[in-house]
Amino acid sequence: MLRLDKVSLSYGSFRALHDVSIHADEGELVVLLGSNGAGKSSIFLTMSGLQRAASGSIRFGARELVGRKPSQIVADGLVHCPEGRKLFPGMSVLKNLTLGAYVHRRDSRGVARTLDEVFGLFPILHEKKDVPAGSLSGGQQQMAAIGRALMGRPKALLLDEPSLGLAPLVVKQMFDIIARINRAGTTVLLAEQNAYAALNIASRAYVIEQGRIVLEGGRDELLNNAQVRKAYIGA
Amino acid sequence: MLEITSLTKRFGGLTAVNDVSASCARGTINAIIGPNGAGKTTFFNLISGAIRPTSGRILFDGEDVTGLRADQAARLGMARTFQTTALFDTATVLDNLIVGHRLRTRATLVDVILGTKRLRDEERICREKARAALDFVGLAHIESRVAGDISQEERKRVAFALALCTDPKLVLLDEPAGGVNPEETEGLARLIRKMAASGLTVCLIEHKMDMIMNLADRILVLNYGEKIAEGTPAEIRANPAVIEAYLGSEHA
Amino acid sequence: MELFLQQVLNGLTLGGVYALVALGLTLVYGILHVPNFAHGAFYMAGAYSAFFLINRLGLNYWWGMLGAAVTVALISVLSERLVFHPLRKAPYLHHMIASIGILLFLEAGAQALWGADFHRMETPYTQLLTFGSLTLPAQRLLIIGAAFLLVVLLQLFLTKTITGATIVAMAQNREGAALVGIDANRVAMLTFAIAGALAGMAAVLYAPINLVYTSMGHLVITKAFVIIVLGGMGSVPGAIAGGLIIGFAEAFGAFYISTDYKDIIAFALLVLILSVRPQGLFARGAH
Amino acid sequence: QEVIKIGFSGPLSGGAALYGKNVLSGMQMAAAEINAKPLQIGGKAYKLEIVALDDKYNPSETGINVQRLVQQHKTAAVLVPHSGGIFAVQAFNEKSKVLLLAYTSLPQATERGNTLTVRLPPDFTGYIGPFTKAMMAKHGKNVALAAADHDYAKAWAAAFKPAWEAAGGKVVAENPMSYNKATDFYSGVSRVIQAKPDVLFIGGASEPTALVAKQARELGFKGGFIIIDQAKIDEMAKVVGGLAPLEGSVGVMPVSGDDRPEPAAFTARYRKANPGKDPSSEISINYSAVHATVAAMKLAGTVSDAAAIRAKMGEAFKTLPPEHNPNDIEGLDSKGGTVANTIIGIVEGGKIKGQFLRAMNTVK
Amino acid sequence: MKMFNPTAGWTLLLALALAFPFMAGNDYHLTVMSTAYIYAIATVGLNLITGYTGQFNLAHSGFMAVGAYTVGILTVDHGFPFWAALPLAGLVAAVLGVFVGLVSLRLKTHFFSIFTLCVGYIMFLLIEKWESLTHGTVGIVGIPAPEPFAGLDFSEPRALYYLVLGFLVASLWVMHRIVRSLLGRTFMAIRNSDDLAQALGIDLMRNKLLAFVLSVFFAGLAGGLYAGSVRFLGPGIAGVEHTFDMTMYMLVGGIGTLLGPLLGAIGVPWLTQYLQFLQEYRFVVFGPLLVLLVIFLPHGIVGTWLNRRRRQAAKAAPAPAPAPAPAPVQEVRHA
């Protein structure tokens, strides 16, 4: 349902992505592994339209995404939960979540239902719903960011390093939640440094280095790959 | 070395750090862990003088430093790094580091205008310090690269070097390995050990348990601003309160 | 007592106009962090467009105001598209200088089109209403009423409608807004349009009791900056409170202290307040 | 045929642009008239050109502009219509040998002994006695001062106050206001009205002065206005909607309201050249200044020797044909200021009635 | 790749400046140039606080006016010689700067700018209203030219030109020393991030205040020279539009560089002189020109040039030694 074909991206004269081709089928949870600066976030940014691919095509379902505006892409059902959260810090958590459903704003009944689901996943958000998002701690903010993304009722969800800066217990919860979201039918693309935990819930994975896909394979295969273990799992 | 008694910080109604006492011995590595929002960064900010405590006392090397400004604390020998380091991206790595030793120099405007020997000597010393620090963190080869072009891990190391340039006795590292892959994390851990071995006292906040458990001499656990445990890694690993609040059963 | 009430009325009049101008400024500031020094020129442009529509084309006052609101909204949106949008990643000094470029252009443009003369704008509300010994020119009452109506409408729009919330969201995180499907460009344009329309309407409300001339915006823009700092940048209630504070300070200062020094009063007030409260009067933590 | 150039440096952009352009339009009208006939000086045929540079009211730019006019355009005379610029030019005009036509009423412009300066507007102090007498007789002894706060208006107020008191009057309130910077005059005006004056002393640029008068009426003031000569009654009338609100006031007679034949003819010519506009004294005096300068050049037989031209300026004004001298300037005093038999205007029964200043002064 | 040698460049500029009066041979050109130099001195000062330390000061022309009025009042009302008054111009501005700085520098970013905007406005209004001291709106008339010195008569444009040039060269030299020294690095560290700077033991207030006071000292000095060259002072000199002008010079030339503000301060006045023929339409052209410049040359002329040079240097330099990276996973393999 989601397919990148030979996508390239440049920041000025610097080429961050070279002919990246990846895909995710409906209902899959696909992990992107790569060290810092490998280009994981760049892939997501081109998908969500915040960066424009220099060449290549991105298909989502039957639709070509290159050239579409970020707002249209969200409406198409591809939602990006970015690195660094990008919440609205001065607004209440509730308002942040409501705005997450911006593209569905005419369906207030549906929005209320999704909101209940999100509060079910993240009870802490319900507890803090009237607090400005900016005064949440790092982990709570990450939950709010994922919650906000879910409010867009994505068909496919792009999660960029959701475990960054989170406590181990929370990281574990986070991966549980991601797995649950995926099981409920949402296709998930997950960029992670935390390869072990990510691979554990993944169906397939890609390894990116310096803007190129250098390896791809099924979960177990990569978990057992010596190079991957050395480079990303550290064991 | 560092002696903290009943440190408390309130933001409006929220008590971010609540009556925490702790101490660090010279040359040791001390880790602070705790769930998100536990008050770890706030705790660091209090020690380093970035914010003033509501109450409590901080003794550093026998001196009362409670309520000092960050720059005063730095002059006494406290250095810290930030989660994200703002480097001057269009200058070289070395140029970024030279100012790190500024606090130990005395050159005034008069020296600058007259171009006195003192100024020249001090500028040389700052440069040497910067080189030595770069060498210490293993980046001597990139000194003339433009800071904007270096990798994330190199940035972390440059941040360490910058802290080292201040001639500190104590370094406070806020998530030094955040956003760095396991291989690189291992390298940073070695570097932190090397810092401690050279006589520095290290305090760090980190979420990467494997790293902490191998690295730290002592661990302090915060939860909701309160200290819930303190001890060696082995003690912490076995502490039920910590497992409950933070680690989860998997790490036990 | 009567003189006191006269000054209250006067403070409300000034405060209302200042608040309208400051509101546009604070919105634009909140969203794009653009210190738009050209905002005073937008105000001037509003007065000239209405003057042209009313005195030259013979439209009535309200159509003139509508025309001015639309024209200035257009100018404002064009500035966003042509100048501030390309500069969105630049530091704020660049915005400042670019907005001065726009200001110079608009003022010189107005002079080229309409000459340097002072103009009078006509209003149908020239009556003097008397309440006891208090005389109230109808236009001044109109200013007060209209200004506060506009302020309330704006506040409702921002807090109660989703479109309004998108403006606030953009102000807080542009990228985040894009990621939930808000079209950042549209919101930026919408904000500039609202800011322009408010400035235009403020000018048309106020011009009949003053004059229309090319540098008329200078008078209000500096004060508008003072107001948005006092009230907290990006804060709507703050802009209103700030506007009233300055309006009253001027009215009472001019009456009870000295007309000569009344402008110093406003600026000294800011200096004083910021010295004691560096975040402004109404800033609540992070925003 | 050669070209003589007379320079102008004044505000052509920014807040004071209207003023600068008015001055310039008077100069240009004179130049057009001069060029319409053959111009012979010292046996050679010439054409006159006005070279105008914008200085945004900034004295240092005036200095630069005048240097430029002298060096690049070889102008023997430059006209500057603001005191700051005039003072800046006086630092070097004698050395640069350029005649400074100073359009400012400030006495300092000629009091400092600059030998190449001519002050164009007649001395304002002549108005004070007649204004005082007329208003005190008509309305009463209590005056409130509420004129503008710039240099000229302040000089006016400073000269007026002792004269009013000497005539047995009382100053009940004093509140100069920033006419060109204030957003609103209501508070300032109500402050002076509160002192219950019979007469209000106002004036600055015409349009804001009109607003002050209008707001004073709105606040219930019934007395008369003494309007300083910078404001023109006819221009004020356009803003306040006719002469009725100005009933019982005194000011200088507007050129366009002056029905003697020469001013009337001048007004007609100006209106023809500038449809929809009335000439003010800014326009008519500077118009005469250009005519007088060219006449002085003819008398001196030189177009470049500033000292020689300056020496003939007095005579030039004296011998100016009446149609070129709508303000009836009679010559120069010893310091280089113009002397004129101006007429003042009193608003009575919805009309401006003229009265000769000299006649009024001598009666006293 | 051959590099442009900065020392040679500066020497060439100095030579050109020294030769200018002989090439121009025209008082008008000299006056434009001297006035530009005076504003260049003030702009170079502004660049220290705004460009190098990152605090956007909008009261600069107010301080310039304070310097100018110091000279004006002392020479005209108190009979001081110009040469005694001139150093006081810088000093008075600096002392005032200490007070303003102590309050304003506690504020950050826009708050600091708007605060100083208001301070500048208050200075303007005080000059305009405090008649007993400043002569109010009439201004200070008849300021003497600097007294002759070494046989130079400074009422002559040429001598005045060299006088101002001398001060400009001295200012640039001092500024050069400052920004290349530890002190300059300290200022730039603050601009870069004040939290980090403070954590490095830099006393923010002290250093910002030093930069601010130095910066307004230059403004005061420039004001003093202005008084001696224009020889008339009105309140208008304190107007905030002059600060905007100087900010514009800085930006056009290249903010945070040594040469940029100088080029801007000289180039922009010449440009407006050449646009004089447009008269009142001048700003219809100039406004958009300014906008285009800010959009397309955001680092100014010098900044753009320096960046280009830096990029070329980076290309020319040998590729950096590969860092010990994780063993690269070689080819793409399919599962």
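When the chains are written out, they are named A, B, C, D and E in that same order, and each has its own residue count from 1.
Methods note: a residue touches a chain if its C-beta (ideal position, glycine included) is under 8 Å from a C-beta of that chain, and two chains touch if they have at least 3 such contacts.
It should be emphasised that the depicted structure is a prediction, and the values quoted were computed from it without experimental measurement.
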Minimum number of chain-to-chain contact steps, chain B to chain D: 2
Contact-richer chain pair [A-B vs C-D]: C-D
Taking each chain's C-alpha mean as its centre, the one farthest from chain B: D
Far-end chain from chain A, centres as C-alpha averages: D
Inter-chain centre distance, chain A versus chain E - centres from mean C-alpha coordinates, in Å: 48
Inter-chain centre distance, chain C versus chain E - centres from mean C-alpha coordinates, in Å: 32
Whole-Å gap between the CA centroids of chain D and chain E: 39
Overlap residues in chain B, where contacts from two or more other chains coincide: 151, 181, 183-184
Junction residues of chain C, two or more chains touched: 107-108, 111, 116, 260, 263
Residue list for chain A, restricted to those that touch at least two other chains: 35, 230-231
Chain B partner contacts - residues on chain E that touch it in the complex: 174, 177-178, 181-183, 185-186, 188-189, 192-193, 195-204, 210, 214, 307, 310, 314, 317, 320-321, 323, 326
In the complex with chain A, residue positions of chain C that touch it: 162, 165-166, 168-169, 172-173, 175-184, 285-287
In the complex with chain B, residue positions of chain A that touch it: 35-37, 136-140, 142, 161, 164-172, 193, 195, 230-234
Residues of chain A that touch chain C when the two form their complex: 48-50, 69-71, 74-75, 79-82, 85-91, 95, 98-103, 105, 132, 134-135, 148-149, 151-152
Partner chain C, residues of chain D touching it in the complex: 13-15, 17-18, 20-21, 149, 175-178, 181-184, 186-188, 190-191, 194, 205-208, 211, 218-220, 238-239
